[in-house]
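Labels A, B and C are assigned to the chains in the order they are written; within every chain, residues are numbered from 1.
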Amino acid sequence: MPLYTVTTSDGLLSAQQRDVIAAELVRIHTAAMNVPANFVHSIFPTYPRSHAYVAGERSAVSSIVGVIRAGHTPEEKTRLVQSLWKMFQEKTGVSDRDLAIALQEVPASQAMENGGVMPELEREKERS
Amino acid sequence: MPLYTVTTSDGLLSAQQRDVIAAELVRIHTAAMNVPANFVHSIFPTYPRSHAYVAGERSAVSSIVGVIRAGHTPEEKTRLVQSLWKMFQEKTGVSDRDLAIALQEVPASQAMENGGVMPELEREKERS
Amino acid sequence: MPLYTVTTSDGLLSAQQRDVIAAELVRIHTAAMNVPANFVHSIFPTYPRSHAYVAGERSAVSSIVGVIRAGHTPEEKTRLVQSLWKMFQEKTGVSDRDLAIALQEVPASQAMENGGVMPELEREKERS
């Protein structure tokens, strides 16, 4: 972890924008969460145009859902979400109304990346 | 929040059905959870036909996954899930076998919508 | 539950591979978690090629996210994740670097499948 899923309307992001956002996800996550870059996975699925809504009205909603390892403080997670929000808006111009970001925590024992079950965050901190 | 992701097989829903379901998500969620309509986001991704299974057999599974703010009672969440189930079946005719619905809770401090980190549910209740 | 979402790059999996993986998800999950097969739902969405990254570099990431009923032990969940990992690599040849798997737990009271809210795991164990 983390696994970031950045979902946007088909055609919203250019390849270059995706490249930049993927690099920014690595930069922001490794800085905030102290995780090596090669654990940062991101996927950019698209949905067909006009397949999203705000308050029941069609709108090109973008969402970022990050599945992260449990154990960070609320302050760390709030700062991470705020950094992601700012970055995504700077790179895309998407409005406040059309963006939703959430972090979902998963205990390290029930996730695998790079071939291994990740250590719990506390244990890792003690080691370093 | 909430962010509802309604995933269906390509071609299952018409544009009109999506419009109706998106409106119903707003109606049901705002009534059950006491949230303003403009916080209700929904995305309707599709998957290629024959890309879903029940019990290992190809079947046009539909799923609704709602990322909601943590803090509601189990009774409120059960009622919400049941309302969503009933509504989706009424609007689509999808069978019990082909539908799965789950609510995932995220603490308000690790999510953003409409440009701000949401208040915790308890604090908000005290204020109102 | 469970609801497994197996996300891959467009064209990575053949129909036959999806069939085999869906059957394996049922076999592994029912054995590990003691759930009837007809509760095992799986969806295989695809994303457009070049829409995923590891460490900021384009890479054909595959992910398996399982939404499961809360209440299993950490050991059970770790074993499940490891079995899924091994199976997926055997069937696809995807590298350690390009795979991410996580289990997300949802209390039974806030999910529905096959037309009913699922019983809590503890209560069910007592009954059986």
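Odds and ends about this structure:
Assume contacts are C-beta pairs under 8 Å (C-beta built on N, C-alpha and C of every residue); 3 or more make two chains touch, one makes a residue touch a chain.
None of the values given here were measured: they were computed from a predicted structure.
Although subunit A and subunit C share one sequence, what matters here is the overlap of their interface residues, and that overlap falls short of half of the numbers used.
Fitting subunit A to subunit B on C-alpha positions gives a rotation angle of 120 degrees, to the nearest 5. Averaging C-alpha coordinates per chain places the centre of subunit A 20 Å away from that of subunit C. Under the contact definition stated at the top, the residues of subunit B that touch 2 or more other chains are 45, 104. Per the touch definition, subunit C reaches subunit B in the complex via residues 1, 3, 5, 15, 18-19, 22-23, 25-26, 37-46, 67, 104, 106-107, 109-115, 117. Put simply, subunit A touches subunit B in their complex at residues 7, 45, 47-48, 50-56, 58, 61, 63, 65, 74, 77-78, 80-82, 85, 96-97, 99-105.
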